[in-house]
Amino acid sequence: MGKLYDQLMEDVRFVEGLNACMNCGMCTGVCPAAEFYDYDPRRIVDEVQKKDEAVIEALLKSETIWYCGQCMSCKTRCPRGNTPGFVIQALRKLSVKLGYFTCSEKGRQQFAIKRTVGQSILERGYCVYPDIVTPWMHPEQGPNWESIYNNTEEFMAKLDIPYKKDGAGPLRKIDQKNLDELKRIFDVTGGTEMYDCIEKYSAEKAKEMGVDIENGDYLNMVFKTNSDYDE
Amino acid sequence: MSEQCVAKQNLWAKYQKDIADDHYYYCRSCIRQTFFPASERAYLNIMRDKLGKDLFDDPNHTTCTGIAYHSDLVPLQTTETVIARHFALMTEAGYENMAISCVTSFGLYTELLHTWEEYPEEEARVRQYLWDATRREFKKPKNIAHTSDTIYKFRNEIAAQMTRPLVNVKTGEPLKVVDHIGCHYAKMFPTKGVGGAEFPRVLTGMVEAWGGTPIDYPERRHCCGFGFRNYLVMANRGYSVANSKKKFESMVPYKPDFIVANCPGCAMFLDRWQYTIQQMEGTTYGADGQGIPSLTYEEMAGLVLGYDPWELGLQMHQVPVEPLLDKMGIQYTPRDKWTGKKH
Amino acid sequence: MWGFKIAKSQSINYDRNDKEIMRTVLENEPSLRVCMACGACTATCSAGNLLPTFNIRRLNTLLQRGEYTQLRNELNNCMLCGKCTLVCPRGVNIRNIVLNTREALMKYESDTI
Amino acid sequence: MIMQQKNIAIIGGGPAGIEAAASLAGLGHHVWLIEKESELGGHLRLMYNLFPDKRPADEVLQEMLSHVKNPNIEILTNTQVADCKQIDNRFALKTDKGQTLEADAVLMATGYRLFDAARKEEYGYGIYQGVINSFELEAMLKNNTLKNVKGEVPKRVILLHCIGSRDEKVGNHYCSKVCCVTAVKQAIEIKRRHPETEVFCFYMDIRMFGPFYEELYREAQEKWKVTFVRGKISEAAANLDGEIQIKAEDTLIGKPLHMRTDLLVLMCGMEADTDEPVAKQLGIERGVNRFFRSTDNYTLYNNTNVAGVFTAGACTAPMNIIDTIANARAAAISIHEYLKK
Amino acid sequence: MNPTPFDIFVLPFTVGMSLLFAYLILKYASWIWYFDRDDKLRILRGLFSLKSLKAVKEIFLESLVHRKMFLVNRRLGYMHFSLAFGWFLLIVIGAFEAHIYMGGAAPFYFPIFFVYFVPDDESFFFARGFVQLMDASLLLVLSGVVVAIVKRFYKRIVGMKSTTQLRLRDKMVLYSLWLIFPLRLLAESATCGLHGSGGFLTYPVGQLMAATLPLEAIEYPLWWAYSIDLCLFFIGLPFSRYMHIPTEMVLIFFRNWGIKLKPDNPILEEVMVLSCPRCGVCIDRCQLNTAVGNHDTQAVYFLQRIRNHEQHSAQAKNCLMCGRCESVCPVGIDLNAIRLRHRQNFTPETFVPQYNNAEAQKVDVVFFTGCMGHLVPKTKDAMVKILNASGDRYWFMDADGGICCGRPMKLAGQTAAAQKLMAKNRQSIIESGARTLVTSCPICYKVFREDYNLEGIEILHHTEYIKRLIDSGKIKVDKKNLAVAYHDPCELGRGAGIYEPPRDVLGSVATLQTTANERKNSLCCGGSLANLTLPSADKARIAEQAMCSLTANHPDVVATACPLCKKTLARTQMAPVEDVAELVAEAMI
């Protein structure tokens, strides 16, 4: 394993996303996450470009790299052609790869996303599907959604949507052949490996924290814990 | 024409995007099909039946993994290869143009093609991955457009068939429309969006062509707050809603009649967060105290073309759309909202 | 039920921020204005040497933007040793700014409670 | 040895052209000073006063113009060079008025083009009335018409540095050098007239390279109470009242900063005038910054790749008036030495 | 025995005098009442001890003779001496005269108006002598009055550049004081003129008046005027600066009985404030006056503001606390301590240190360079070299930076916060097990000595430590051909009384020059941390003033023993400035 900075340099997004930052602050000025979190993309880019291994390691274990919402507004504005959002992606990927993501509360959430969106891709062929937008996980979806969710089949039928049916069209069922192709792509491109990484390190962390991962306690915990709210 | 308009026209002139004329390979959106399946159907219907265009809706199409990618579940190469598979499916089906329904996908496809230009070795690597996994090969698309680009392109043709312009039938005034553009539509590659990143034309062009008045407001360019992991994980949703709230508070003084978005996620969030804020804080936005309806551009196009609101799936919105329908003078049967209307 | 709370903006809202303390301190120690943010104070700071998150240079800016909450927290770390004032190339009496800000903050807080 | 009188064509009648003409005439040469506008002076004509001494620009211009009242100088205003050819060591210039000028040397003093602020789309220049550029502010100061969109004295003015400079997004990697001190000068002038107006400068780095510039910066802080914020504004948008809402990061704190302002002044940088026809016809090379490339930046600054063609002033790089005058004199000496050979 | 004489004009005086006495008795009683238990015990124990005798002696020397003021300024001293001592003589001699005349008890107004009641009676014992003595005393006082009046208008006559500025109330009392003795002279002379009596002063003046004025008509009004003027003065006294006369004496007693200024008890401060005679000696000593041109913050004005309950926070902060004023104050007021007390009033105590020192090492000697020490690395390196050569087992406690000694915080009035810092350092020092604590910084040195309670640990400034090393032969130095002028740091010299060790050390490595302002009279460098508000340009002016004095004899090097002084003086670029330790390190063999 090379130095952290060298590992980051292996990611094309990092190479593309980081030229030389002059700390003008345009990215932070427009960043939605900087407004609502203690988050400063400029500082992250500046810290990374210093190539200090200890600093990078601290970042990989930090909360701060997980705040970015990936809107990429920073890419539009940077006068040096940097993309802090890409740098964040590279940092997060390395954090997952090295298992550092479990060091932070926000990083641990990767497990919840993997178990929901991640699973859905391989099981249904799409990231999002009505079945996974459960009202208890998504109270903000409101009563209309709740009634649709409870009668999806009937509702979609009335709208003439081929929900879980064969053939083309929205919400149709993806056949196994295509799902198999997706899985093989995941296998050869490192997608499966990354999923496994999330599972493996999360299981280790769950054990360390004494939280049961099998019965869903760990998932529930990472899905719902936000220390900022407790203050 | 005012100085301001001239300046905007000059700006838009710089961003004349090439949009294919016909024969599109259609790329489905995870979020749109989940929350606005009827919008999708309306889009296909408008393109095919109203505009006589050829679109191929491929049963083999899957997600591009964009949400997982931006949530850091999968590496870049996985997403690239899944997208490459779509290129292969398109090539196999004999198409060269893509119409992409999802803004995240659109941004990713654009980014991918850009990356391959700059880093050809990356393209070679992905071709190899795709071959290894699926034995498929592909040609890169000649043209990729967001589905809103195609509607924008044919906005005048739609206007010609329009039955319900964006006009308040009671006052005769044009409806005031707030446009919201998905961040990944043009912020990453301003030249790939109609009108660029700062004053995008894609939705305001439709609004103007169909008789409405687009509203500019200070937080127009701000993200809706989706933020991938910031919404997907319950604990983080405070961020997501706060960003939408920031937008609502900024747009309210302009008294907009409705919001229109080209990104499926944004349209959904700008709808649902109004409900959430109302429930959590008691604030209802909108001049009439009934919320500001947040439509997809397909729904907007469907309404002006005289589609039945419940066929367009407007009942899936949490903010009631009836006041808007009333303003536009659209007839609807309240009882059909949930029971459906067989046609 | 919701599992989250609507986040509050952490931005500096200059229009909304109260500038009373800033005005008081500027009146008592006008040298505050000429800070050019070189960071010499932070570099030499005795407290910053022991507590790297403490940045005496940032105090000046926080004060001038009316960011009193963060200011109060940071202010409590200063030992008043005076090195910052001694090294400042613009002759800013940083030590007196700290003193005045502490005094003004205390008065402000007792007034606003 | 008495040198035979030579003919020199100076393209551009701004400060560089004027000063070079005066110097060359003083050395005994005959000069055509060709200016496309109806008056000499270039951008200097648009300025109210000049840093660092705040001397009125008109006064400086008039003094410079008094030097070109010389029988050796033929001033051709409202004139453009339509065609230009090099024949052996000489240059044949045809003007759009049909004159043919046979010159032994050509001096390019074509100056600069102000960066078009509309290209920084995020600030809405041209779209939002409250967003103006630095020359428009200078005109307001010159005509005493500093007003917000409602026609009142602005309560707050923000000057934003580095517009079109140090910005890869518009293809300009270089620093335009004069904008920082111009902003400081303008900020002081606003405060001098309207002490109640709050004036802010948003900057990335304050570059006070000339004598008494740093002192001027300090004066702006200390005496005039101008506030300096380190951070480039990311976005500007008008609200219903026509005020401009800005978003930036206060990088010295590390947090986003939001505020409203009556006026947002974009301190536009300098760009090379790449459409200039003479340079194209003579094949004068430009550097990566698109300004004319010097043969050597240290010893042959005013020489170009074409023998007999010289450059002076802001067509070589962003330059202030003081340096332009010095540079024009240097160019005159370089031409004189070239013609001696 | 003569009958008791009386006239109605004595009433104003009697009333004024009675009121004054009543006021003073109440005042003295209230002070003692408000002292804490310890101080009350001190008074009880001291009252009938030798301490009281010492106090009487001091009162005689200082309040009457004004010995200290004579030492500072002879003309000013004479003024105060003539007024105070002359009046004292008038009272004492007058009392004897009256009592002898009466052959027993006399009403207390009687001696004051003796001449009126007994214009030409030479029958009693020493009557002629008394007349002459009283005239002599009156002349002494009058000479003082003349000097005082002249001083008011031509201050340089008494050798002062600045004199105190007065307010209206003070002026009225001052004029009433000035008038007392001329009126007495006129009234006595008028009576003497009518009776052809009088001494060497009153007789000629009386004759002159008789020749030129209608004496019968004006004699009686003059006595009235004299009495009324005395009354005015006595009533005005408690509200004027002349309150210092009755207060200073009390202060001297209190001091001799061992009562000290305390942060939480304002009584002694009140006594001190009232004791200030506003002689103005402090004004010319103050470099904020002489170098910066400030005429508002000097001790006399500061005390005046406190007394008058005027805004004085700016003055409390704007003081170098160099101690130059305190060291010459004729009344011996604790001027720095009072200044510091008034910084407590408006400073919050919300400070919580979130840091710690490096782990303590077990050694014999702890070396603490202090915050400022890190700004003069050459001094620091010199000390490391010397410590390495000493053979002592030492720990450089703040080698990588440490917690501030706490004195800067204390000087800013944040005592409780300062104590939190001190506690941390104290713990580290004690944990090291060292018997000796050496510091390079006089600021730290002072606070270590005064506030740290490091029992069993000897606290040395590095100059003291180096002197021991040289004396004991632990380090050897070579005397260089170098002329050195030494600058006494305020905190080390006036602050801690360390004048000789640095000079001794310098003497063994270089040739020490004498300078115009040495030891107790040394000038402040201006860098003082005690001044909270002084702008940097003004600090530079003070530094230049100090350097002008130090470089008068063109030394090769100006030496000092404080990192802050070194840094501040070096900025003037008027001469190379080195710490004593640096010169020693260079001279080590």
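Think of it as A, B, C, D and E in the order they're written, each chain with its own count starting at 1.
The working rule: a residue touches a chain if its C-beta (ideal position, glycine included) is under 8 Å from a C-beta of that chain, and two chains touch if they have at least 3 such contacts.
A quick note: this is a predicted structure, and the numbers were derived from the prediction, not measured.
Participant: Enter the minimum step count from subunit A to subunit E; a value of 1 means the two chains touch.
Facilitator: Between subunit A and subunit E, the shortest chain-hopping route counts 2.
Participant: Starting from the defined contact criterion, work out which chains touch subunit A and subunit B both, please.
Facilitator: Touches both subunit A and subunit B: C, D.
Participant: From subunit A, count the fewest steps through touching chains until subunit D is reached.
Facilitator: Minimum step count, subunit A to subunit D: 1.
Participant: Relative to subunit B, which chain has the most distant C-alpha mean position?
Facilitator: Result for the farthest chain: E.
Participant: Please state whether A-C or B-C has more C-beta contact pairs across its interface.
Facilitator: Most contacts of the two pairs: B-C.
Participant: Please identify which chain has its centre, taken as the mean of its CA atoms, farthest from the centre of subunit A.
Facilitator: Relative to subunit A, the chain with the farthest C-alpha centre is E.
Participant: Centre of all protein Cα atoms: which chain's centre is nearest to it?
Facilitator: Per-chain C-alpha centroids ranked by distance to the global centroid put C first.
Participant: Between subunit C and subunit E, what is the separation of their C-alpha centroids in Å?
Facilitator: That pair's centroid distance is 38 Å.
Participant: Centre to centre, by mean C-alpha position, how many angstrom separate subunit B and subunit D?
Facilitator: Averaging C-alpha atoms per chain gives centres 45 Å apart.
Participant: Indicate the whole-number Å distance between the mean C-alpha point of subunit D and the mean C-alpha point of subunit E.
Facilitator: Those two chain centres are 65 Å apart.
Participant: Of all the residues in subunit D, which ones touch at least 2 other chains?
Facilitator: Residues 122, 230, 235, 250, 254-257 of subunit D touch two or more partner chains.
Participant: Going by the touch rule set out above, which residues of subunit C reach two or more other chains?
Facilitator: In subunit C, 2-5, 7-11 touch at least two other chains.
Participant: Among all residues of subunit A, which ones touch two or more of the remaining chains?
Facilitator: 34-37, 76, 140, 224, 226, 229
Participant: What chain-chain pairs meet the touch criterion?
Facilitator: Chain pairs that touch: A-B, A-C, A-D, B-C, B-D, C-D, C-E.
Participant: Can you list the residues on subunit A that touch subunit B in the complex?
Facilitator: Checking each residue of subunit A against subunit B gives 11-13, 16, 32-33, 35-37, 66-73, 75-76, 83, 89, 92-93, 96, 106, 109-110, 112-114, 116-118, 121, 125-130, 133, 137, 140-145, 147-148, 156, 158-161, 163, 166-172, 174-175, 178-179, 181-182, 184-191, 194-195, 198, 222-226, 228-229.
Participant: Tell me, which parts of subunit C touch subunit D in their complex?
Facilitator: 10-15, 30, 33-34, 36-37, 57-58, 60-62, 64-65, 67, 70, 90
Participant: Enumerate the contact residues on subunit A facing subunit D in the complex.
Facilitator: Listed in rising order, the residues are 19, 22-31, 34-35, 40, 42-43, 76-81.
Participant: Okay, in this complex, where on subunit A does subunit C touch?
Facilitator: 34-38, 139-140, 224, 226, 229
Participant: Subunit D touches which residues of subunit B in the complex?
Facilitator: Residues in contact with subunit D: 3-4, 6-8, 10-11, 190, 196-199, 216-221, 253-254.
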